[in-house]
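Two complexes follow with subunit A in common, the first pairing it with subunit B and the second with subunit C.
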Partner chain A sequence: MSAVAQARPLAGFRLHPRPRTTELALLALVAVTLAVGGASLGATQQLREATRTGVELSALDFTPPDAQGLLVYLGALITVHLAFVLAGRRTDQVLFPVAAMLGGIGLLLMQRLPQELVTQSFGSAELGLGQLQLAWLLVALTVITVLALFVRSDAWLRTYKYTWAAVGIGLLLLVFVLGSEVNGARLSLSVGPISGQPSELLKVILVVFLAGYLSENRALLADESTRIGPLSLPPLPYLAPMVAMWAIALGIVVVQRDLGAALLFFAVFLGLLYIATGRPSYVIGGLVLFVAGAFVLYNLFGHVQARVDNWLDPWADPQGAGFQVVQALYAFGRGGILGVGLGAGLPLIGGRLPVPAVHSDYPLAALGEELGLVGLLAILGLYLVLVTRGLRIAAAGHDEFRSLLAAGLALVIGVQAFIIAAGNLKLIPLTGITLPFISYGGSSLLANALVVGLLLALSDRGSEPPPAPRDPRRPFRRFRLGRARA
Partner chain B sequence: MDGFLIILWLVRIAFLVLIYGFLFAVVRVLLRDLRAASRGPAELGRLVVLASPRGEPQPGASYPLDAVTHLGRDVNNGIVLDDPFASAEHAVLTYRGRNWYIEDLDSTNGTYVNGVPVEGLGPLGFGDEVQVGEIRFRLDRGHG
Partner chain C sequence: MTAGPEPPRAPGGREAPIRDVRVRRRRSRAIGANVFRTGIAVACAFSILAVGGGWWQVVEAQRLATSPDNPAVIAIARRSLRGPIVDRNGQWLARSGRDDNGEATREYRDATVSHVVGYASRKYGTAGLERAFNAELLGLAGTDPFGDLTQKFNGPSDRRLGLQLSLDLRLQRAAIKALGTDKGAVIMLDPRTGEILALASTPTYDASAIADPATATKAFERLQADDDRPLLPRSTLGRYVPGSVFKIVTGIAALDSGAVEPSTTFPEQPPAEAKGLVVEGFRIRDGHHPQAGDTALDMTGATEVSCNIWYALAGLRTGGDRLVDEAAKLGFGATLPFELPTAISSVTSGKGNGPGGFSDDAELASASFGQGETFVTPLQMALVASTVANDGVLMKPHVVTALTGEGPGARVVSPEQWRRVMSEDDARALQAAMQEAVEVDLGRGFTPGARVTGVSTAGKSGTAELGGKGEPHSWFIGFAPVENPKVAIAVLVERGGRGGERAAPLAGAMMATYFELYGKP
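And then the complex of A and B:
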């Protein structure tokens, strides 16, 4: 092997370091914020312990409960940033810090909740809630980095959209057959020690499929050609495959009793259809369908009925079915404007947490109690920023597929955050769905990492300006000139 | 009131303030980006007519340039040159990457940049003078 070949082990992969000052500054702010939050959490927890045991207050300090975990997370953020800088792609600099901030707040929350809420042992090591969340966050950061650095072409998404759709449906069927049942819903698939919720992955696949299909048939769908009485419909043959895909996904999800995912799919489907065609009639028709479907579901399924009744009047059974909803509302009330402080909320009631699903379905209730209305609004603002940024990337997209994909991914995050936030606040019936980046859970974190990584890849404004034009007609001009001069 | 509790309260509030600080920093970046986008794409460059004895193009006129602009006597060119020494398709200006290039389209009497004849394709910097026949241009930076 020659020395030249050894010197370039990765032909075709060259480093073009390009500073990302905005991202670095925002990440520095994230680090400071999380450090202060950790200090606040640590001091509050020590204070609670001290008042119980009667230790002098002067013996307390501001060490975070899991300083090591926090440092690992911050170190991982800087590593990702350095990888972005070295690769030198001109991708968005805001998305990653915002996602990192939300993930960090989620990590603080998981470190603050009782660690025995979720435990998993690997060999002799027993990991608690905070450590597991940290591990999943690190995996999610890896996914973001890989996608943002190496996804350059979108052909592998665009070309194989039906394959992706089939993979998604297959995953769901697999869950339906082999999945394990939790709380009356067959959601998760267990492979060895690792279990996941494929419906989280399915939301990304659905957006890829819809973006691919709509970008190809947008003009046809926006065209009014079929008329049934006063209704003007788009050409039905072009609408059919998409509606079929949507109906299959929705049907399986309903059978699995995953109402949150069904709601999410429906909203994203309607949103993308509207973005692609610009026809309000689709949205109106979709809403009519939604009302009709909801009515049918309410009358057919007992668990839907229970959810809705529970939403309308949780105080009918405050110790039983309505317990969680009522306690979440009390938690928001206790929080008030400024909150009681990280670590000071969620008093145990009769030895158990007031909100049992606080780490997956109700993180917003805990944050609302401890950070108050002010903190809650800031967190919702962060989601708003993510959505705005995603739509901005969509508006700047090179072609329709990239635009629709970016818009759909932004919608997924926004709609999901809205559904669970509104559910927690009793604005709509609660549906079991995670709060993106904050909730505990590997599937949720990985799916949202996919979303952010794809958005970053889509936001690339072209790494290098194109080379100078070649002179096509006289390729050997220089050569001839040199000979003439010689 | 214990000092520890006061500091703890301050740290608590500082955490909230920092989240908002982050949010405002992000929003500032977004607004800056949106303003830059709303100004529209910046002009790539302008061609200012320095001398034109026959009045077509008008002396003193300045043309905003597209990424590819053709010069020549034919009326289909982006900039029409009324000059007996200009060919029907005389030269083309192209913008690639961050640079302008000029290419002589095998014209009869040639194209000159700063008095030097263009051989096929050559780079063109801002401030350079282009001469076709008796017409002289200068390439300027675009507005905005």
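And then the complex of A and C:
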């Protein structure tokens, strides 16, 4: 292994400030948007309360419901920006403001929902939904900053891809054995007061592993074929270890009933396979496998069947199984084109929320109601910008590993946003997966912060060159050389 | 992990190492293009999301936002007064007020209209016209998807609409009274306009008790547990074996398809009267032999004595396909275009492999006189009578004649032709046959009492045998006056006995009441 490939994240860190005007301008836009949103939210809530109690208001107070929290968040954004400027790395300037915008929208939503939806006590202090989300956002911003500033070499990722994969699967197994069960799915692992969903972390690990494996075996995967009679199939032996790794992860996820994560892994796997090989046959074959797998799952598992039936006709049981789906559609319908306004949606019916999992599974329905189709399209557009920036970084990557890693990270965000948005909009059955940066949840925010942080590090045009490409070290190479000589 | 599986047999004839180098160079350039294509795919996926958003938030927004089950609508309904509902003479049927806490209350005048007007309950949602016009009554209708910003905070109560119905409360009360303790349905409508004058079902229920939060739970649970199913609007959602009233449908189909003429006689009919007509091993019998003797009957005669064999032969000659198609023109096979939900009337279960979905000719022959796998709603049979009365033109049935008030969506509902089902000549022939059935001696053996004194009356009774013990369903459909029909009627009495004994006199009394109220021609 060459000296260049040594992992030394802190080496060569010096201060040489470099202005980042695009990022600053975009962050200003984010700050204005969030401030206006907070003000509108505060005024609307006040007006609603006044209408309900019949009090005449002399003047409207435009103070956001949690002005302090919002200020802390905006302050943190500026701090991160200043850190980027001081470090002087030539990293992408759009990724961070877009992620910050999505995180801010999520923060406003969590501040606006009933705070007792999620509470956690730390000693004597009890934090509500909005404060917890803010705390996690701050941790996420820290993760982004650390990765974007200090990761200069990718050797620690590419060299130990099997180790990473083992860690990921070990985590999942740990959940399976020790995890707590919620709604029939074992998803979360609790350590003290903090619980997390390792499948969120696993998606990043999976991308690292796939990027590592595919970049090593790309040429072979792209051009070799296994011939069985007249059929020209992909080179099965080269695919086997990777497919096995994928199948183990997928199997565990299916056993844990985390369908959303399974779908995400599968789609990202196919996407990366296509980018690495350029062979549409892999995608087509994968889709055929998917349809077959979905068919088997549908007929094998009652909960999958219920999900799908409920998706096809939620109105069959609008008060029971179809309740959330139908209520989310009502929310979209109420929103219309312009929306009812931040804070004006989601009337409480008899003290309960019409859409119970609004903060985790259905934030898009709430935002679609309050911001309307216009807001929905804007949010979808933000995700598309994130994906596009990620793919640009991929296209400009120094070598195949970096390209595949960046593309995979971008796809993780894009595909995850698509799956949950499509589920909210009843285009596909709903799967319990979070809306990146917006949904409540520490694991989700941290995993997506990892993604953005790594993308930022990868985008640095001044970073170290990648290590010299290694030849695939596989038994078949020796075999082929021998054969060629013969 | 490094121990790979068995290597593949390399495709022969090519030098692997040389190709390896060439391929690597080509693929490194290609990765950018692959990334680009993936980006395009992601963009396409997101545009599908955008289309999905547009579908729910623009195209479907109005329907979703005003759905009676939408929690926002329910919340508004708690606060807002609903628009009033009145009958054709301005008599109030439903009205709103406020209780001591300022919450909206709803009061219903009369249990006789409960199956039409329905109820609006905080706990049990809405039913009937209260459900069908929930958005209009609450003033939520007509909001454009672009969002009326000024409406966001104010209650929409100023936009609420009222309903004016074509029902006549007096006829409605008379119908419920006439049905008495029997379960059944009475429908009266104006065949020229399709306006429903009476739409009665028994047993009925007290809608005010469901609307009042203090009594709602007890009243609703008792109604739900009741084996007589008082919450079921039998006139629109009940499906019954029609018996001989279905012969009019067969007559319409046979005439309009050209299979028979009014003068058609079947030589095999008179000899079959004694022993029955055998169709594919199934024996069809008649009970009118003492009246008709051995005469070969034409359509009028067959209608007069309600000859099963003539109609079975006419149905067989028409054929299953054409019988089902002609019935579909009358509204069979789909829900009716009506303000209230309707059950689907069907000529056959459609599970057979024969033409039109009949299993064989025996089923077709039985269906032709209403004893096959045929099930109809009383409203559908009223439309059959109305079509004959209106010279073959079927008007769209409706019970709301106007949405009143200032808000958007206020309008007068004009009569609308649904379709011409048959020619005027064919309709006239059936009118004459149905008049004979009521007024001429032979027919009166079957439909005594349907005749309205001083007014020419046409009609057809039906006795729907249900198999096993117990009384048959008693049916009558008809109209009056024959020359210029003003009212068409359908009467069903569950287990009411022979059509001529229970339904026909009830219809006669109802039509008499109509002419007392509206004057004889």
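By our rule, the second predicted complex is superposed on the first by the 447 of 486 C-alpha atoms of A that agree within 3 Å, B and C clash if a C-alpha of one lies under 4 Å from a C-alpha of the other, contacts with A are read in each partner's own complex, and residues count from 1 in each chain.
As a convention for this text, a residue touches a chain if its C-beta (ideal position, glycine included) is under 8 Å from a C-beta of that chain, and two chains touch if they have at least 3 such contacts.
Since the model is a prediction, treat every value here as computed from it, not as a measurement.
In the superposition on chain A, contact of A:Ser40 is made with subunit B only, not with subunit C.
Looking at the shared chain after the overlay, A:Thr51 reaches subunit C, while subunit B stays out of its contact range. In the superposed pair of complexes, A:Val94 makes contact with subunit B only, with no contact to subunit C. By the document's definition of touching, of the two partners only subunit C reaches A:Gly368; subunit B does not. Residue contacts after overlaying the shared chain place A:Thr22 against subunit B, while subunit C stays out of touching range. Comparing subunit C and subunit B on the residues of subunit A they touch gives the larger count to C. Contact with both subunit B and subunit C is seen for A:Thr388 once the two complexes are overlaid on the shared chain. By the touch criterion defined above, A:Phe62 lies against subunit B but remains apart from subunit C after alignment on the C-alpha atoms of chain A.
Judged by the touch definition given at the top, the superposed model places A:Gly341 against both subunit B and subunit C.
Taken together, the two structures place residues 47, 338-339, 341, 372, 388, 473-474, 481 of subunit A in contact with subunit B in one case and with subunit C in the other.
Listing the residues of subunit C that touch subunit A in their complex gives 1-11, 15-17, 19-20, 23-24, 27-28, 30-39, 41-43, 45-46, 48-50, 52-58, 60-65, 67, 69-72, 74-75, 145-147, 149, 152-153.
Residue ranges on subunit A touching subunit C, taken from their complex, read 47-48, 51, 162, 218-219, 222-227, 235-238, 240-241, 271, 274-278, 318, 326-327, 329-330, 332-341, 344, 347, 349, 354, 368, 372-373, 376-377, 380, 383-384, 387-388, 391, 394-395, 400, 403, 407, 411, 414-415, 418, 421-422, 425-427, 473-476, 479-481, 483-484.
Looking at the complex, you find that subunit B touches subunit A at residues 2, 4-5, 7-9, 11-16, 18-23, 25-27, 29-30, 33-34, 37, 94, 96-99, 101, 103, 119-121, 123. Contacts from subunit A toward subunit B in the complex involve residues 22, 25-26, 29-30, 32-33, 36-37, 39-40, 43-44, 47, 57-58, 60, 62, 93-94, 97-98, 101, 105, 338-339, 341-342, 371-372, 374-375, 378-379, 381-382, 385, 388-389, 392, 396, 465-471, 473-474, 477, 481.
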